[in-house]
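Listed below are the structures to be examined.
Presented sequentially are two complexes of subunit A, the first with subunit B as partner and the second with subunit C.
This part shows the complex of A and B:
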């Protein structure tokens, strides 16, 4: 099965692991990601103001591409996913906004939110199925105590994201269990790491990141997985003393397709 | 400078929020991870916009402390979406000529070898117009 793939800016350099292992794992599971040509950076944060247009055009272009190809649009970075999905929702529900966008883009046939947007985790759950993932595991992660860190962007705002229960999510834990690991559940897994506040007030980011790390470790975690380069950066930068890895790296390892490491 | 009532209307239109729905329970502020950093808290943004007291918000550093984590949006029992109010006030402030909160000159000070582009892109999206 083919999908249209939007990697995002950070996956092409600082977060190459997130990207490379996403590819290798998808292929091992029978999915062919086709990278969108000339994709543009999503901008990192969705602007909720209804009258903001320019900051949302990159997302609309990616959505239109997927819709024209009749393929689901898959993203792996939490932030790209959030921005693209919220933009799609705005195209579906805010007529004034979608009219402006369509007049500006002058795209053939227009675009009104037809694309289906999947985060990679949703692709694993809904298009591949965790049962199938489990069957393909060659290096079981049995005995490893791993905590999933969701952060905010995958889950909220729930009315738009609709990925999982925003207060008691299970998709990443279900993946961990499919890979044979023990999923460590802890309270702060859906609280914010500090995001871009590390530019403005590094101490505030440190406080958030430490609270998450301490909470995960107190629950017995020996490793944390994430889908977001900024979450990883904030956790590592603020002194994580257990490994923080991208979920795609762990997946590739379990599927036996990790191969050669990236040069970074 | 616009009259406060015009500002209020503009912020309500931009955000799409009905501030009158707020029942002042404070849950948004209680769950806000930036609470300690803020002079005005999410429930105050909602309440002050409702009564047109917007100038103090426009000049407050609180505008740049919100993380866009949407915790207040999902956890408000009245569906008010305080983050959208914060965002609209912030844009009202930085859309003014010369009012950007960050410039390209700040980048070298922030940039380290491990800085993910996502961090810079997100900060620019929030702090500049």
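This part shows the complex of A and C:
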């Protein structure tokens, strides 16, 4: 099965692991991710100003590309996914916004939110199926105590993202179990890592990151997985003493397609 | 040919504002059969009705069309007028030109045109009307109350007080319901048991009331005045009429680690048990899933110690069949499961409890004899956090909570907080709320006392997360008024869980063909004017099965339901609805399609002899409708492949004539 794939800027720089292993794993699971040609930055943050158009145009282009090729659009970075999914929702529900965007884009046929957007985790759950993932595991992660860290952007706002219960999510734990690992469930798995506040007020970010790390370790975690480059940055920078890796890396390892590491 | 009179109502400006009533009565004058047409300001008024009566006499009318409001509003009125004028009441047709026309249109031209069309359709129909005569059915003077909580108890007592026999069916081993589990009641703080248990005793001692405890309704057939009900009395392995409730069996039972439902699993009971000291009936019940004797035949101690010889390990479920004139639903509520709200760590810490568990924890007859301690370590809690609206008013999380307000939580939380501060002045008590809703007699005064006299700290904002760390519960919340995040270390957290209808309500509603809303609360016949009646005739609603309610409201509604039941049971006969299905035996081929779709079980089959054209005799299977059971829903007329089923008052040819008139 083919999907259109939107990697995002960070995945071509600091978060190469997230990208590379997503590719390798997808292929091992029979999915062919086709990277959208000339994709541009998603905008980074979905601005809540309803009349703001310019920062959302790149997302619309990616969405239109998927819609034109009649394939689902798959993203893997939490932040990109959040922006693209929210933009798509705005295109579906806010006529004034979509009219304005379409006037800017002047694209053939216009675009009104027809594309289907999947996060890579949703793709694994809904398009591939965790049962199938389980069947393809060659290096089981049996005995490894791994905690999933969701952060904020992956699941919120729930009304738009519609991925999992933002307060009691299970999708990453279900993935961990499919890979054979012991999923460590801990309370702070959906708390904010500090996000961009680490630029302005590093202490505040440090406090948040530490609370998350301590809570995960107290619950017995030996490793943390995440889908978000910024979450990983904050956890690692603020002194994580257990490994923090992207979920795709763990997936590739379990599927036996990890191969050569990226040069970073 | 009918002689039809048309009466167009203005309904003040309700109709006349958007419909040119003069034009309507003029236009309808020339319809087939119409010999008289007029309009008037208020057709339902005394003068309007007189106008109809006079016209019937002067113009020898045989049919009446009233263009007015919905037939739900005034069809009965105009039928009475027809009777007073000497006509059969079913010779009246209503064209709804208010709800379905003037109220929904703004343009007078379009509104008038539509009103004329609706009038034409009614005229086409009344031309084909035939006089109908309703049958009569007797009323069985006995009521059934389903549910033995405070709602069912009050309804049963009130019906019995009027002299009618009542049966109460309760699925638990004792009546009493949720109220029996409560500690104190707001806003007067009298003890729940002190006011409830005398009523339970009254029920037990009333010779008009029979209690079927540990029993369930499994089937309901029939109709208002004559419901045939099957009740399954589950085997309790104890002879109810022999057991004295002495409790010797309970003391000696070796299986003593069974979670006690009455205390919400906060302590244990034995395999043979009496739920609580004031249980009614006060007889023991054996839990078949826990009893060694019933599971593998090894034990039998309770039988040996029972001086009365009441233990019967071979007891079987008993099926009781009884006929009732009226049924009252009083199935009550339950707090929702906290499973989907694990952000509050209910499954992670024993010290996060629900409000109902808090009631047991502070109840003198509860698992701690009323000592407020942490369930985890038995220590006295110093900081308590109450979280309101857990699962209530969940607009953004409807898939895990409820969109409605559970109504009782604000008041019982104020009560819990106040009583905690009163009994343990060393405590710090926080209440997190979305809104504080206290409309009720002396309710707001009560809440203010909690804040002003007892120093309960009310914080507007929701708790976002509770993290158990060490022996503390880290509470993360927002204070919306101070606009800041709060972090508290609590010893005990109490969740005000939303309430939902008992799970037995949905299958019961199906048995009763009583309607429910999307939240599984029973629907009332009219939200304002018929609040204790179900739209299904003979089925009445009492207590929280109809919507969240506190005790005073439940008791008022229970009394109201009882008075409606009494009003029904004093009648000797009920006039039926003549608009029932009829089968044309000549075209019926006995295929059973109609029987399968009939929700009331009104259709059966007869083997009937028919004379064939060649003078032979043939026995054919044909449908036969019981007019006393048929509710006139019309499902069979649609299902019948040969068009043999028809509905009095809504005959196929009448409906087609209406459609033709509209499409002309």
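As a convention for this text, the second predicted complex is superposed on the first by the 264 of 264 C-alpha atoms of A that agree within 3 Å, B and C clash if a C-alpha of one lies under 4 Å from a C-alpha of the other, contacts with A are read in each partner's own complex, and residues count from 1 in each chain.
Simple rule for what comes next: contacts are C-beta pairs under 8 Å (C-beta built on N, C-alpha and C of every residue); 3 or more make two chains touch, one makes a residue touch a chain.
The model shown is predicted, which means the values in this text are computed figures rather than measured ones.
**Q** With the two complexes overlaid on their shared chain, look at subunit A and say whether subunit B and subunit C clash or fit.
**A** With subunit A aligned, subunit B runs into subunit C, so clash.
**Q** Kindly classify A:165 by the partners it touches after superposition: subunit B alone (first), subunit C alone (second), both, or neither?
**A** second
**Q** Could you look at A:230 and tell me whether it touches subunit B, subunit C, both or neither (first, second, both, neither)?
**A** Touch status of A:230: first partner only.
**Q** Per the contact definition in the header, classify A:191: touching subunit B only (first), subunit C only (second), both, or neither.
**A** Touch partners of A:191: subunit B and subunit C.
**Q** In the superposed model, which partner reaches more residues of subunit A, subunit B or subunit C?
**A** If we count touched residues of subunit A for both partners, the winner is B.
**Q** Figure out whether A:200 sits in contact with subunit B (first) or subunit C (second), or with both, or with neither.
**A** First partner only.
**Q** Now for A:44: first (subunit B), second (subunit C), both, or neither, which partner does it touch?
**A** The answer is first: A:44 touches subunit B but not subunit C.
**Q** Per the contact definition in the header, classify A:216: touching subunit B only (first), subunit C only (second), both, or neither.
**A** neither
**Q** Using the touch definition from the top, say if A:84 reaches subunit B (first), subunit C (second), both or neither.
**A** neither
**Q** Please pick the stretch of subunit C from 186-194, 474-482 or 618-626 that overlaps subunit B when the two structures are superposed.
**A** Here subunit C runs into subunit B along 474-482, and the other listed stretches stay clear.
**Q** Where on subunit A do subunit B and subunit C both make contact?
**A** Residues common to the subunit A contacts of subunit C and of subunit B are 158, 167, 191, listed in rising order.
**Q** Could you pull out which subunit A residues touch subunit B in their complex?
**A** Interface residues on the subunit A side: 8-10, 13-15, 41, 43-52, 55, 77, 79, 152, 155-158, 166-167, 191-192, 194-201, 204, 207-208, 229-230, 233, 236-237.
**Q** Note which residues of subunit C are touching subunit A in the complex, please.
**A** These residues of subunit C touch subunit A: 340-343, 345, 348, 396-397, 400, 465-469.
**Q** Going by the contact rule set out above, which residues of subunit B touch subunit A in the complex?
**A** 13-16, 33-34, 36-37, 64-65, 67-71, 73-74, 81, 83-84, 87-88, 91, 102, 110, 114-127
**Q** Under the definition above, what is the set of subunit A residues touching subunit C in their complex?
**A** Residues in contact with subunit C: 158-159, 165, 167-168, 187-188, 191, 215, 218.
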